[in-house]
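Residue numbering begins at 1 within each chain, and the chains themselves are lettered A, B and C in the order written.
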Amino acid sequence: MTTSVSAPAALASAKRRTGRGLDRGFRYLAVGSGVLIVAVLASVAVFLLIRAWPALRAGESISSEVGWIPAGSSVLSVIGPLVFGTVLAAIVALVIAVPVAVGIALFISHYAPRRIANALGYMVDLLAAIPSVVYGLWGVMVLAPMLHPIFQWMVKWLGWIPLFAGDSAGNASNPPRVLMTAALVLAVMILPIITAVCREVFLTTPPLHEEAALALGATRWEMIRMAVLPYGRSGIISAAMLGLGRALGETMAVLMVLSPGLAYSFKLLVASQQQTIAANIAAKFNDATEMGVSALIATGLALFVITMAVNMVARGIVARRKDFSGAN
Amino acid sequence: MASTNTVPEVTAEDLRRSLSRVDPARKRTDVIMRVVVYIAFALAMAPLISLVWSVLVRGVGRLDTYFLLNSMRNVFGGMDAGGAYHAIVGTLVITGWAALISVPIGLMVAIYLVEYGTGRLAKAVTFLVDVMTGIPSIVAGLFAFALFYLLIGPQKAGIIGSVALALLMTPVVIRSSEEMLRLVPNELREASYALGVPKWLTTIKVVLRTAVAGLTTGVMLAIARVIGETAPLIITVGMTNSINNDVFRENMMTLPVYVWQQFGLGLVPCREGATDCIATINFDRAWAAALTLILIVMLLNLVARGVSRWFAPKVRG
Amino acid sequence: MKRVRASVVALACAGLVAVSLTACGSDDPTGQGTGGESTSLRGTLNGGGASSQGAAQEAWIAGFQSANQGVTVNYTKSDSGAGRKGLLDGSLKYAGTDSALSLEEIAGSTSICQGGQAFNVPVYISPIAVAFNIPGVDSLDLSAETVAKIFDGTITTWGDAAITADNADVAAQLTGPISVMYRSDDSGTTRNFAEYLSKAAPEVWTYDVSSSFPVSKDTFQGQNGTSAVVQGIQAGTGTIGYADASAIGSLGTVQILVGDEFVGPTAEAAATTLDDSERSTEGRADNDVVFSINRTTTAPGAYPVILISYLAVCDTYATQTEADLVKGFLEYVVSVEGQDQAASAAGSAPISDALRAELRQAISGISAKG
């Protein structure tokens, strides 16, 4: 209460000076700000569409004006492989990150001693704050050199899986500026956010459910499988979607690590096959002509639409879950 | 109940053993899963520790007052000179402007959601703010570029980057402010209304004042979140090697972009026997700048948490 | 001695940062500023384009800025095409470009050049090295055909007879697959390299000459920018790529068969090729100095894989300040001092005195409108 003690005296005098007008003005200001948010989000789409329009309209003639678009292609036909590369990188990252993140979240919520758990939770939060350019720097200068022997081994023994196929000489690319490296860096980057959400969800498991399971003689893992995971399933899904949204839009890590190409290729260990939208924009933007910028913005619009859809689904799940848990 | 009668031969010893022991298969699964969880944890910590460690070890060598207080003007090749001062200034100025834009808007939206918001618009705003947190940073950069293209044509300036960062920062400010405002007990508001104080003044003098520590924390965390953004600044602010603290004119340098630029310059091909030439100078500068950036982010985080701990009002008392 | 400032300064600075941002930082990290002459030149000059002349640009900018304290020059390294287009849409005041402005581009420059015309000034002559990373090998002798076949993907292993035949002394080290690094961005280095291959090995290299690399194989890796190519070559083994000779550092280089001797990428060898090349004058104004490089030269000691990088500028600018800045900067670049700076920083071949006189003449024609 200490902070508001002096209020009444000040307020009483202020009251005389103020009519209903100010009150209404403040209200409009607040509502206006709310409307502004809606307007800003809409205007992002509108501005991007306006700037993208020349490139979309230019059709195939654009390939003669913009160097990175292969001859005879339109913007729409290069958005295809870019979206493919973006989604592939994000999904591979997700496949790596989600099981590990669930593991860490369980470790923090159900295995580690309470005291350590709090410190670890705080550490994970801090790691989420490390700038992406630092992850990129680490990925290309520290991680990549360590990966080549592993990739070479994967090509040798797992090469029959199309994802791990080598190049025509039967090798993994060296230096490993390949999608797998980029996806690994992305996985490390999205770990903290997925972990944070999962941990929150696991911690909110009703203690009654857990105690009931334990009382029935369940081991710790059985308790987790019967009580924690089912309760947290939608939470894990939405955490994964949030991570996916992050990975789709991440620029620097991919830009610094990946050697780009524009193919519909599943080869994760071969360089110059795929490229992501965000990295492509950052790589080409400063060299781009007016038409080139327009083409890049068109690809950015595609990225915007994809990430918005993913985020809306994720938030939708979270919101639904909130309603349910309220009813419980 | 009849079943209890079918095993009369069981001794008390056996019974105790079978009740206190878990089926070996179940026990094995439990142990395996425990190991798996521990491994997952170790697996995740390895890259994160490696990252922090490499930044620390490789960055600390160049990080001194000379590095922090000098720009890169007239520095080229493998010269043992040059620092990140211009980038630090750029980062602070651009992020400052981003905060200046996003904090008032974010605060007003939070006030709207907590104090005024009802019905469809409030629901829509809540949802859209959540969605906005997921805007890819490069798209925010493109938006700012497209916006200013209409106003001033194809130019680069710090303020364009600030607008891009503000777009990323606003939803974070709204989310955290909203949480803080909701923590303010309704009794405070009601007491104020009972004294005849209008709603707007109650909001400013009672609600905001009570929540000020939490709000500050939220804003600082939001700043920490955007201060490391690189991609939108590459396309809106550009780079320079000299100090420029005018956000409205010409290229500026920022720390994350500096890291990227120095990395991109790569190894210097020093001539044999050259004395004032360090082959890895660009990488050294990149690591030192990365360390500086991490330190700034960590400092913001720590101060933010400190603020919320030390200055939080004891409203619960 | 540059590091003597006490940490007290840092503390004081932290406090002052909010008040006055330039108060304690220094824009003179090399510690030579106060000694330099102060001239009347003032303002910011934005240029950009070819990354091949990036190292030389840094040296020129440093030299020019030290001589003119009030001037800031920014050179954005991207590619030649971006530089030329930047000049023609007015966002850059000068462009660095590895292929001279074409006649159409010059014709289209009238409005941005205030009724005048843009022209080319050759300022940077440098060999393009074919660099590789094979442990224990610092030099390989190859013919133009063999180089073309490697970059075409026809020769895929180092043990290929075409390679080992000319390099019997290191044949034991020549094993394993070849991994080719190329530029994934549009680049004048690629254009010059491809032009050389198409002239010197026309049967093998049948692609159209353009600034983007034409071959795509899964053993090839595209890299964004000169330094990324060099890093790519360094990071792998059995890698080969092409890059401006100034950037390749300690990597092994290919000696190319010219006439009947193998020649390496040195500044002198590049200058010899230029001496054996002709001016392309057709349709060009007197101030527009453009060379057509003789790729098939057989002059002794000539290295024909060279790149001539130009500065493209307008002859008329909107304001006196802009004109003075561009003129001052170009005068410095072509001066003996400027060319020596570039030679020591980037290993380029300095321009000859005769060419310098001609370029000075052209540069003196830069003026403001009115």
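We adopt the following convention: contacts are C-beta pairs under 8 Å (C-beta built on N, C-alpha and C of every residue); 3 or more make two chains touch, one makes a residue touch a chain.
Source: prediction; values computed, not measured.
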Least step count from subunit B to subunit C, where 1 means the two chains touch: 1
Pair exhibiting more inter-chain C-beta contacts, A-B or A-C: A-B
Chain located farthest away, centre of subunit A as origin (C-alpha): C
Centre distance in Å when subunit A and subunit C are each reduced to the mean of their C-alpha atoms: 38
Subunit A and subunit B, separation of their C-alpha mean positions in angstrom: 14
Multi-partner residues of subunit B (at least 2 other chains): 154, 238
Where subunit C touches two or more other chains, by residue: 76, 89, 231
Contacts with two or more other chains, residues of subunit A listed in rising order: 286, 290
Contact footprint of subunit C on subunit A as seen in their complex: 67-68, 144-145, 167-169, 171, 173-175, 177, 259-261, 267, 270-273, 283-284, 286-290
Sites on subunit B touched by subunit A in the complex: 22, 26-27, 29-30, 33-34, 36-41, 43-44, 47-48, 50-51, 54-55, 105, 108-109, 111-113, 115-117, 121-122, 124-125, 127-140, 142-143, 145-147, 149-150, 154, 167, 170, 174, 188, 192, 195-203, 205-206, 209-210, 212, 224-225, 227-231, 234-235, 238, 256-257, 259-260, 263, 283, 286-287, 290, 293-294, 297-298, 301, 313-315, 317
In the complex, subunit C residues that touch subunit A: 76, 78-79, 81-82, 85, 89, 156-157, 177, 179, 184-186, 211-212, 216-224, 231-232, 235-239
Footprint of subunit B on subunit A - complex, ascending: 1-4, 7-8, 10-12, 14-15, 18, 20, 22-23, 25-27, 29-38, 40-41, 43-44, 47-48, 50-51, 99-104, 106-107, 111, 126-127, 129-138, 140-143, 188, 191, 195, 217, 219-222, 224, 242, 245-246, 248-252, 255-256, 278, 281-282, 285-286, 290, 293, 296-297, 300, 303-304, 307-308, 310-312, 314-315, 318-319
Subunit C to subunit B touching residues, read off their complex: 2-3, 5-7, 9-10, 13, 17, 21-22, 24-32, 44, 46, 55, 58-59, 61-62, 65-66, 72, 74, 76, 89, 91, 225, 227-228, 230-231, 234, 246-250, 345, 347
